[in-house]
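The structure follows.
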Amino acid sequence: MATVPILGDEAAGAEARAVFADIRATRQTDFVNNFWRALAADPALLAAVWERVKLVMAPGALDPLVKELIYVAVSTTNGCSYCVHSHTAAARAKGMTEAQHGELLAVIALASQTNALATALQVPVDPAFDRTSQG
Amino acid sequence: MATVPILGDEAAGAEARAVFADIRATRQTDFVNNFWRALAADPALLAAVWERVKLVMAPGALDPLVKELIYVAVSTTNGCSYCVHSHTAAARAKGMTEAQHGELLAVIALASQTNALATALQVPVDPAFDRTSQG
Amino acid sequence: MATVPILGDEAAGAEARAVFADIRATRQTDFVNNFWRALAADPALLAAVWERVKLVMAPGALDPLVKELIYVAVSTTNGCSYCVHSHTAAARAKGMTEAQHGELLAVIALASQTNALATALQVPVDPAFDRTSQG
Amino acid sequence: MATVPILGDEAAGAEARAVFADIRATRQTDFVNNFWRALAADPALLAAVWERVKLVMAPGALDPLVKELIYVAVSTTNGCSYCVHSHTAAARAKGMTEAQHGELLAVIALASQTNALATALQVPVDPAFDRTSQG
Amino acid sequence: MATVPILGDEAAGAEARAVFADIRATRQTDFVNNFWRALAADPALLAAVWERVKLVMAPGALDPLVKELIYVAVSTTNGCSYCVHSHTAAARAKGMTEAQHGELLAVIALASQTNALATALQVPVDPAFDRTSQG
Amino acid sequence: MATVPILGDEAAGAEARAVFADIRATRQTDFVNNFWRALAADPALLAAVWERVKLVMAPGALDPLVKELIYVAVSTTNGCSYCVHSHTAAARAKGMTEAQHGELLAVIALASQTNALATALQVPVDPAFDRTSQG
């Protein structure tokens, strides 16, 4: 189920199809996953999100696999089922090993646990962590 | 403010002080931050959390800086103010550059945005992402 | 799947059926959606929630469609799959156009992104935003 | 800081003062905490929330302390700083011991951890847990 | 406290100052709030976020006040203290009345409550809410 | 669907099978639910989580049913569908009555509502709730 139609290539309009073509070219695969097909009814939003994904996830000061691990961490914490599936698959496609997946899970689990404790205890931030006055 | 006392070295009991000593030895610093001091009233919980942090955050298939970046991502998404402060500081201590921090922020922001969209659209998971039947 | 039975009209008790009748009369439809049927095993909770929905979602200083848009925004952010489906449908029933849906999605996505950034940066609240002392 | 004025007894209107009086009588204390004073600018909302708190938190099938522990668990998970403070204090006022607080924290931390893991793994729900068809 | 410096006009670089100038011109005020100053150390991210805010929050199928109400709803649900403050102030600046604020709060509170119930009950989505097959 | 294989007894390795055996012995049932089978590909993580569950959920200052109610509360607030199902079932197995379930739901709903209000209002914490200086 979905709250919008999931558009196939024919049902999508010309603007959306152009974005699909760029997704295919950039990722070097014919596969366009449902997230983009669900956005296709609003081509301006589709294009804006895709442009941002292409830019932010490109190699930079962090390598693309590390970016995917961060993406999985955020998606898990937000409880986004679709995103956990798609970005875990993307991390594997970018070379994530089983051992790396296991450590990713362990860090996410640990952080979730200590986040809850720090919030339950309402621990005051140590002044040593402040950067405000350093600019 | 906090929901528990933040124990100084003298106020902490012997078991808690032993954990403080191990934190100091492991991190090679005299500084014991408030999170551990807030847990010190419950030495068994303090010890269990510290043992887990020491184990999970050690070098492995992922390097310690990558683990800190994942930690910051989870802490941000959970809205844990204390943890965002402490783990951003920890990432800097482990060598995070300004450029890496900027990319970390950009990935967190992008994931938060697409998580919200996938949830609002209730996008069905593509069968290609499934791993259930592969075991 | 569910953690409680989803009661049909016959299985529901007299108190629950009375609430179902009021839902039907208020909404001018025979359709009673699963949320109410899942609550029907606890007629006091069912009645309390329905009374509140009827009161809060009625026309007032904000029009009913605007209230549904806010409802979708909260439900999306909470990751409530059922609620995203039911309130997106309700917004459409109250006249939400495709263009309005697209803008709703864009605002939710933008806010999710800037929320994450403000949290990751731990931006201090500007004194100009304070209202405490104005009462 | 706050997004609304925090009304003292004089600044509050007659309706709000009547709710304050009922809070004082019910709790047998002169202290009215800031949550109620922040709601006081909207007496209808103030009264609705207070009536619900009074009803739901009263002794029933669960005892009042257990209800407070559940309240702290929800407030912690939602990251509501104010609520963590106020309901931890309320739990202590209702008799929560240090040992009980420690176990509450341990359960919250454990659940946060396994919640994250189940979400990251996207574990399918076992059919044995389903109750849908039992009604 | 913050995890980054909050840059004044002089400390900000030329690119960041250009964004500040556009914020001032667009909003017709000299005031540049801390969110933008915290982003200023990363001018590319600052510019990308500001461009998106300017585009998405402009008048369209939804009026700017309605967009701010949605923004407050998302920010509240995400527990972003800074964003709740800044967007509540923005909503007031765009004309939000006290009565509208009260109804906004009531809808957010109601949705938070029914979201939690639907999740606790794991209510199955009614087929009537599905749009997948309609495209 | 899942992001990892769900291992049956044969597919699991010796270490994982030893944990399964301890789960069966501790719970006095042959049933090993999918959460543990999804973790089984990483036996070290599986063992660490199970040891913690066994320790934390054992009888102590809080009784096991109360701990399960807290677990359901956290799982609901985190929106973890799997965990809501499994821990609601566990609570029933430990004796939760329908009346207790109804009150649990009512407290979770109430807390979710007041959490949202306190966050939207940004209510300042009353000094009376502070414990920092009491240690």
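Should a chain be cited, it is by its letter among A, B, C, D, E and F, assigned in written order, with residues numbered from 1 in that chain.
One rule holds in what follows: contacts are C-beta pairs under 8 Å (C-beta built on N, C-alpha and C of every residue); 3 or more make two chains touch, one makes a residue touch a chain.
Treat the numbers as computed from the prediction; the structure is a model and nothing was measured.
Asker: State which chains count as neighbours of subunit B and simultaneously of subunit F.
Answerer: Correct list: A, C, D, E.
Asker: Looking at subunit B with subunit E, do both copies bring the same residues to the contact (over half shared) or different ones?
Answerer: different
Asker: Where the centre means the average of the CA atoms, what chain is farthest from subunit C?
Answerer: B
Asker: Per the centroid of Cα atoms for each chain, what is the distance between subunit B and subunit C, given in Å?
Answerer: 33
Asker: Where the centres are mean C-alpha positions, what is the separation of subunit A from subunit C, in Å?
Answerer: Computed from C-alpha means, the inter-chain centre distance equals 26 Å.
Asker: On a C-alpha centroid basis, what's the spacing between subunit A and subunit E, in Å?
Answerer: Averaging C-alpha atoms per chain gives centres 20 Å apart.
Asker: Mind pulling the subunit C residues that touch 2 or more other chains?
Answerer: Correct list: 1-4, 6, 41, 49, 52, 74, 76-81, 84-85, 88-89, 102, 104-106, 108-117, 119-122, 124-125, 129-130, 132.
Asker: Which residues of subunit C touch subunit E in the complex?
Answerer: Those residues of subunit C that touch subunit E are 1-4, 6, 31, 33-35, 38-39, 49, 52-53, 56-57, 60-62, 66-67, 69-71, 73-78, 80-83, 85-89, 97, 99-100, 102-104, 106-108, 110-126, 128-130.
Asker: Can you name the residues of subunit C that touch subunit F in the complex?
Answerer: Against subunit F, the touching part of subunit C is residues 1, 3-4, 41-42, 44-45, 49, 74, 78-80, 132.
Asker: Spell out the residues on subunit C that touch subunit A in their complex, using ranges where they run on.
Answerer: Where subunit C meets subunit A, its residues are 79, 84-85, 88-89, 98, 101-102, 105-106, 109, 116, 124.
Asker: Using the touch definition from the top, list the residues of subunit D that touch subunit C in their complex.
Answerer: 1-7, 11, 41, 48, 52, 125, 127, 129-135
Asker: Going by the contact rule at the top, pick out the subunit F residues touching subunit E in the complex.
Answerer: 72, 76-77, 79, 81, 84-85, 88, 104-105, 108-110, 112-117, 119-122
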